[in-house]
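First chain written, first letter: the chains are A, B, C, D, E and F, and each begins at residue 1.
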Amino acid sequence: VVTFGEIMLRLSPPGSKRFLQTNYYEAIYGGGEANVAVSLANFGLHSLFVSKLPKNDIGQGAVNSLRKYGVDVSHILRGGERIGIYFLENGASQRPSKVIYDRAHSAISEVESYEFDWEKIFEDVEWFHWTGITPALSESTRKALETACIVAKSKNVKISCDLNYRKKMWMPDEAQQVMIPLMEYVDVCIANEEDPEKSLGLIPKGTFVKKAELSTEGYSQLAEELKNKFGFEVVAITLRESYSASRNGWGALLMDGKDCKQPCFSHKYDIQIIDRVGGGDSFAAGLIYGLLNYNNNKKALEFAVAASCLKHSIPGDFNLVSVEEVNKLAEGDGSGRVER
Amino acid sequence: VVTFGEIMLRLSPPGSKRFLQTNYYEAIYGGGEANVAVSLANFGLHSLFVSKLPKNDIGQGAVNSLRKYGVDVSHILRGGERIGIYFLENGASQRPSKVIYDRAHSAISEVESYEFDWEKIFEDVEWFHWTGITPALSESTRKALETACIVAKSKNVKISCDLNYRKKMWMPDEAQQVMIPLMEYVDVCIANEEDPEKSLGLIPKGTFVKKAELSTEGYSQLAEELKNKFGFEVVAITLRESYSASRNGWGALLMDGKDCKQPCFSHKYDIQIIDRVGGGDSFAAGLIYGLLNYNNNKKALEFAVAASCLKHSIPGDFNLVSVEEVNKLAEGDGSGRVER
Amino acid sequence: VVTFGEIMLRLSPPGSKRFLQTNYYEAIYGGGEANVAVSLANFGLHSLFVSKLPKNDIGQGAVNSLRKYGVDVSHILRGGERIGIYFLENGASQRPSKVIYDRAHSAISEVESYEFDWEKIFEDVEWFHWTGITPALSESTRKALETACIVAKSKNVKISCDLNYRKKMWMPDEAQQVMIPLMEYVDVCIANEEDPEKSLGLIPKGTFVKKAELSTEGYSQLAEELKNKFGFEVVAITLRESYSASRNGWGALLMDGKDCKQPCFSHKYDIQIIDRVGGGDSFAAGLIYGLLNYNNNKKALEFAVAASCLKHSIPGDFNLVSVEEVNKLAEGDGSGRVER
Amino acid sequence: VVTFGEIMLRLSPPGSKRFLQTNYYEAIYGGGEANVAVSLANFGLHSLFVSKLPKNDIGQGAVNSLRKYGVDVSHILRGGERIGIYFLENGASQRPSKVIYDRAHSAISEVESYEFDWEKIFEDVEWFHWTGITPALSESTRKALETACIVAKSKNVKISCDLNYRKKMWMPDEAQQVMIPLMEYVDVCIANEEDPEKSLGLIPKGTFVKKAELSTEGYSQLAEELKNKFGFEVVAITLRESYSASRNGWGALLMDGKDCKQPCFSHKYDIQIIDRVGGGDSFAAGLIYGLLNYNNNKKALEFAVAASCLKHSIPGDFNLVSVEEVNKLAEGDGSGRVER
Amino acid sequence: VVTFGEIMLRLSPPGSKRFLQTNYYEAIYGGGEANVAVSLANFGLHSLFVSKLPKNDIGQGAVNSLRKYGVDVSHILRGGERIGIYFLENGASQRPSKVIYDRAHSAISEVESYEFDWEKIFEDVEWFHWTGITPALSESTRKALETACIVAKSKNVKISCDLNYRKKMWMPDEAQQVMIPLMEYVDVCIANEEDPEKSLGLIPKGTFVKKAELSTEGYSQLAEELKNKFGFEVVAITLRESYSASRNGWGALLMDGKDCKQPCFSHKYDIQIIDRVGGGDSFAAGLIYGLLNYNNNKKALEFAVAASCLKHSIPGDFNLVSVEEVNKLAEGDGSGRVER
Amino acid sequence: VVTFGEIMLRLSPPGSKRFLQTNYYEAIYGGGEANVAVSLANFGLHSLFVSKLPKNDIGQGAVNSLRKYGVDVSHILRGGERIGIYFLENGASQRPSKVIYDRAHSAISEVESYEFDWEKIFEDVEWFHWTGITPALSESTRKALETACIVAKSKNVKISCDLNYRKKMWMPDEAQQVMIPLMEYVDVCIANEEDPEKSLGLIPKGTFVKKAELSTEGYSQLAEELKNKFGFEVVAITLRESYSASRNGWGALLMDGKDCKQPCFSHKYDIQIIDRVGGGDSFAAGLIYGLLNYNNNKKALEFAVAASCLKHSIPGDFNLVSVEEVNKLAEGDGSGRVER
């Protein structure tokens, strides 16, 4: 599986401290597509992450963080001005987590498509995954992504996209102008409960996201609309109910016109949150693994939801769980009993 | 806004460790009045904290902790024997937090009123806030406080008092002997659900604090009685429902014979607690800000409750939130969604 | 009170980190019987822990950890190859805690019975406690335990056993072969909801442990059966309802044919978990203290459950609470209000 | 005293760890001119730092770090894209410390001169200090600096400049083109043993900096040449002998045509290094304090060298020492005996 | 061996941080006499520490810290107002370590002699050790010490005293008034290079302590004078050469009119300092052990100096070394080679 | 380059703490051959590490630690009972570092030769490196090593051996019985100043290792004797002068009958030690790199010594330096000046 995008340095105050209270930052690396790449490597797939990083120790740290978990880094270019940084303050109870982006001028945002050898990258590859963050980075990154899609398509590689709308990166109308044309390459569309509206201009009926009330029917309609309008093979939407920064409901639906002619709704988990960043990415990775390995898309959905449920209990962007752990939860053991 | 009182060195074992388990203490500074002063500075008001601290690096650390957040420290005297210390063990679930006071002989408790230049301190000041801890420190501190009230009153400064009864500092009858006469200077009286009984001898009907069952009617009556008996302009009572050391219900009532002829009850928050020390102080600060800035006391109440709800999610004594953050919660977004 | 068993070095990643994320381990010492010994010393009893530890600084660290809390270590032998180690990853939400044992070849597992001076050890002793882990260590440890039981019995020492089945140590049939004969020495039998089946071959009816649904009637019958079949004076069973790794229900039952002719069910606590390792051991210690000090076994049960409820809020294996703290909770104050 | 320049977020791996080994960064703020401002505030002078910082919590953290130590921050503008960051890896023994700059596009580097109210800034000010880093940031910053110099000069403010050449910021010829014209405003020129060559094109004779052998005569001549060529009132050069990253020799010379007609050489210290960043800045601050407070420039020199000697023993960029501590060392007590 | 004195809570910023930089304190316990008690327990002697501590968790922590290392705590009284605290900032290079005492009103300083059962304490005891800090605490502590000396003397217990002058506790003339009369009970007098002058009014010739130049002859004369004037059996003086806070020379002399008719000078060590607090105490403990176990006082001296040399490499007040480790160094292996 | 051996979990108390003082362990992975493998990967060579590790997260952590730095882990077997552990206490000044091995029963010590596919492993490989620790692990590991040597030899792979004698693993006579026959396969023999005597029975004349006096002539003779007796192509001996645990002299000699007919002695470094574990391994790796890349063995020697000099400044077992950094030092810049 190939993923293409940005990996950033993430700097967080420890525990529940606010930015103004900390005198050190926990430093890890993460980013939508990199998170998916690590998840897939943990699931035992050959996972190739494509990006560009500066030629200094901070860039090397990002490479090492991927290599550590077995991601293939042989197509990460080195050069450019800097690595993107994001500062993350962990929320708690009624206080939301806070992200400060310092990602402008990053190496990947200034990369040119010709720097990558797409033909080589997609050799013997089954799947290509990207998210809406990549084309939001810059016009040149958008072009590189488009080229990647074209080459992948030409080699019959399956393409999945996680819409991943980020309001600090672009406005809905900019997003839609860029994202809608790219949908033509996409086979599997992944979204959260807010993305379809912001990235593709489709509005769910009857949902009030901030109040943690999600409308089942509204989302069923939305999935159907998405599928029909863009011709996706599979549509999957994660459904987060934010009771507070410490506790969320978490589930998803999948519609494929096959196993799930009507949208299948997954088991819903009630989660005590340790770190919710990367929750959506772990869902995407779980879904890709499930679609590739189970010939039952309902099972793939449950795998994806269980995988991402576990992610919320793990600090950092990466979902460090094995296929066995995910299946144990998907099969119903969420009791959290000590194993000894 | 002027506040007058003690700031102490607070030493806590990390996380949920007990005193006997720790080999280091997290060190911050805090104290009822100082906490209010910092909150107000964070809200953008000119905030002047009056106290006395020893002339050594531990005392200087207290000054710096206030200066860092923009509090005016120009009327903090330096001298005396020592800074008060309090050791705080964080509770969890059914295990309560534990406080060991080592505050006797502190510089502020041995200060004499004449050391302060009250005339200068209250120049061009709108508001004076103090809590029941200040007169509990010593007879000389009580006298200084009384002088402060007299000078403030003479300059038409509005005076608020948070009753803040501390059973490790004095007995109810001592407290009442001191506190009742001081009420004559007070315009705005702030209390928690236990204070009016201990500090002023008024008993709510039908409440069993330890069982987390608060009686709405009882508190309405109590507010009315307080208002009538002492002639306060505004009475505000915080209502904490202690389900456990990890989770509390939190709300408040306000009665002013104007916007709230009958006591207004605020929105009630269900809080996952990070640090509840300073919760009451953040309410007082929020109320002062609200009363000064909104010409609607119901809105001031909601601001105060939202501010103090957020405090519970922040480690340390100080409430490090902005007016915008408080208003966002007061307007109803407690979903804790990541901002990115 | 004498306890006999293993104390291990416990190594845990900090907070909620997974093994693969950590670059340091919090290091404490613990083990079923040692945990009971420390609890009893904290309750003010003379507590003598019998074991064997290697003659190096890691072994000495175990001795010091016991000595620190006042446990009598004068009968801990020194020698042998190594100390047992267990790695513990703290779970959260749906992710269970994970234990990796590295305890083979430990000094205690290779001890011979004659190395201990049992006659001296049981001089003027009232109570002897052991758990099912001790005989699971090795054949030679089993023999030493048997000798200990015989000597204790000959001196009229009361004997309690916590069945403590560990599936990573032995299979149910092995366990039963060893444990059933040892029951003849036991006066007080302590078990969790799974042990009687695994260690003694008795099956509760209608319980599905993993689903957190415990059957009251089933457990009553089980207690009765245990009492009848093995002739125990007292049977106590802890009842854990695992909603998740972060939250458990916790209670117990006791049957003694006296104060509790029908099984008495304790108060049930809803616990936010800090560290659940040692939960069962703290129950056993509470029960021993209660049976020795209260002439009411119902009260002993409530003391034991309250003690072990508090244990869940304390990091590490040891339950560091005083008799006063336990009684305060047992008498109904679980509000977690700050004491100041 | 006014200082004008950049304050950055400094991120360092703990202790002697390399960038590739760390999973957290110690976070402080620092920068040549800010370091001088804090030193001066610690010495009790009114210290006003002029700069621009982004309007987010990371920028606010920089403001707070200055405010904490009593620096006047009322002329720090808020706005712009980002705060400059520098990553610092602490060297040890033969391994040098390593700096990775990520300072491009910082708010201060994109500021325009008109944004500052220079007339107000220099009201009642005695001294203006800047370093060679400020004009290296960008053309617009250079212009702002020039304006500042002109306004300061017009108000008879004394101007000091620390040449502070940074090879990662510009080449010697660029530096010289910018710096030489600015020298006309400078009264007190401060340099290290390499700066005069790089920034002003003057070459010391007989020095081989990398070999830690400094030529006394060469530096005397250089000082004289500097003084003559640019007409400085006072020239001061710090002389560092780098035995290794852990141990340095440290001294300075001063020439003023008055107290030190021939260059005065200070006492030389043999320093065990804790943190050498900010060493030169602490010398500059010490010199400014000394020149303002002692009517003996030899004494001012010894004060400056002692102040900066102490800086090397303090972690972080800021020199947190009092006038008393500096004088105690300058008067000859470097024994490091415990004070108790 | 009995020791009598104070044990305090010691709070230090981590590493080389200054007080004003820290946001946590490393917390250990220590104090002159307690340090000796722990050393002696580590050497395998029965070590009984006599003191008084408050009845709270901070006092209990002190008890546990002693118990952990095997000190007999059965004669530590519990009660009183507070435990003494001292804040310690670690120096480095030319910056000295800094101590802030907050020890007034401690339980031990307000103890009365009758509270201790001296007859029982000195039953079957060979040695009694105290230091000059104990009588400096208060008049009542001085009286208790005097009683202890009288009772000890009556039972033929050998008495050693470490003069341990502290300028922050009393002036030389106060000290001399108290200390000189107490010398009548002392058999073994231990001092550093400054104590005899401050505590007993005897002045060494030709020494300039601050310049790290110690005069051998001067100290020989001083030892002789001490021995003659006060009739001590053994006089031992430690000789510290403070090159800086990071590096010291360390040795000692002993005079006993027997093995060392002329003062014996020990091997001199050149020490890279980790923590020098407790250095003198570890010498005293080493000397007591040596005098009790070797019938050669020159050997005892070398043991004491080697023990205290090792102390300087260990963080905290306590000297955690074994007899074997000390002997290995005393016999000449200071190469610091890894043992593997 | 192929290396074959053990990688262990290393657990160290932080900083200078002793084992008995710590409550956590820094956890890294290391071991003679693994350290060489990582060094070589850092130098840009293809580095293949052959070993066996248990199939649990602790074993996986070892794999990840190698993968992170780019080592090829495709021939690490998974299975067996446990990973070897070593506890390391960092020494300081006169106190030596202390190692406690808990490595018995490790997976690699119980591996059988046939488990490895040596033919595949040595395909297209230039160099094979092992150390004296590997055959000391067990008879079966010795056999595996012998097979590896035979296969390597048959493929014309160059073989280097670092004698690496460990007295806690075997006695000199056992070592010699095993090591001497293995020398027949060795082309490049690497040793420290003590190894040739212990592992091969050759005694240097005139050296007293513990006194830090090394005899140049003695070592020249020894090198010659080694070369002659065992027919090595290259002999290299590291020369450590242990002044203390904090400071060492470090150099080496090389003899090859070619570039260095008479032993070439390298530059000697005076090192302030951060972590000396892995110092010898970094020398071996540097030498292999140098011999492979420079056609001048004197230059290879200087590269090796500079590489290992830098290692002493880096925490952990692994030498994390680049070829550029090593060459910069080898070319003479050890001034440790900040690079900025």
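One rule holds in what follows: a residue touches a chain if its C-beta (ideal position, glycine included) is under 8 Å from a C-beta of that chain, and two chains touch if they have at least 3 such contacts.
Computed from a predicted model, the values in this text were never measured in an experiment.
Enquirer: Please state, in steps, how far subunit D lies from subunit C along the shortest route of touching chains.
Expert: Each step joins two touching chains, and the minimum needed here is 2.
Enquirer: Show me the overlap between the contact partners of subunit B and those of subunit D.
Expert: Both-contact set = A, E.
Enquirer: Taking each chain's centre as the mean of its C-alpha atoms, give the chain farthest from subunit E.
Expert: Following the centroid criterion, the farthest chain would be A.
Enquirer: Over half shared numbers or under half: where do the identical copies subunit B and subunit E land at their interface, same or different?
Expert: Both copies, subunit B as well as subunit E, present the same residues to each other, with over half of the numbers appearing on both sides.
Enquirer: Comparing centres built from CA atoms, which chain ends up most distant from subunit C?
Expert: The chain farthest from subunit C, judged by C-alpha centres, is D.
Enquirer: In whole angstrom, how far does the Cα centroid of subunit B sit from the Cα centroid of subunit F?
Expert: It comes to 62 Å between the two C-alpha centres.
Enquirer: Centroid from C-alpha atoms only, then distance subunit A to subunit D, rounded to Å. What do you get?
Expert: Here the centre of subunit D sits 45 Å away from the centre of subunit A.
Enquirer: Listing for subunit D: what residues touch at least two other chains?
Expert: 15, 18, 20, 23, 64, 98
Enquirer: Go ahead and list every pair of chains that touch.
Expert: According to the stated criterion, the contacting chain pairs are A-B, A-C, A-D, A-F, B-C, B-D, B-E, C-E, C-F, D-E, D-F, E-F.
Enquirer: Which residues, counting only subunit A, touch subunit D once they are in their complex?
Expert: Touch residues, subunit A against subunit D: 11, 14, 18-20, 22-28, 56-58, 60-61, 64, 81-82, 85, 87, 89, 98, 100, 102, 104-105.
Enquirer: Would you tell me which residues of subunit E are touching subunit D in their complex?
Expert: 15-18, 20-21, 86, 91-99, 101, 166-168, 209-212, 242-247, 276-277
Enquirer: Using the touch definition from the top, list the residues of subunit E that touch subunit F in their complex.
Expert: Listed in rising order, the residues are 15, 269, 271-274, 309-310, 312-316, 320-321, 325, 329, 332-340.
Enquirer: Would you pull the subunit A residues touching subunit F in the complex into a rising list?
Expert: 64-65, 67-70
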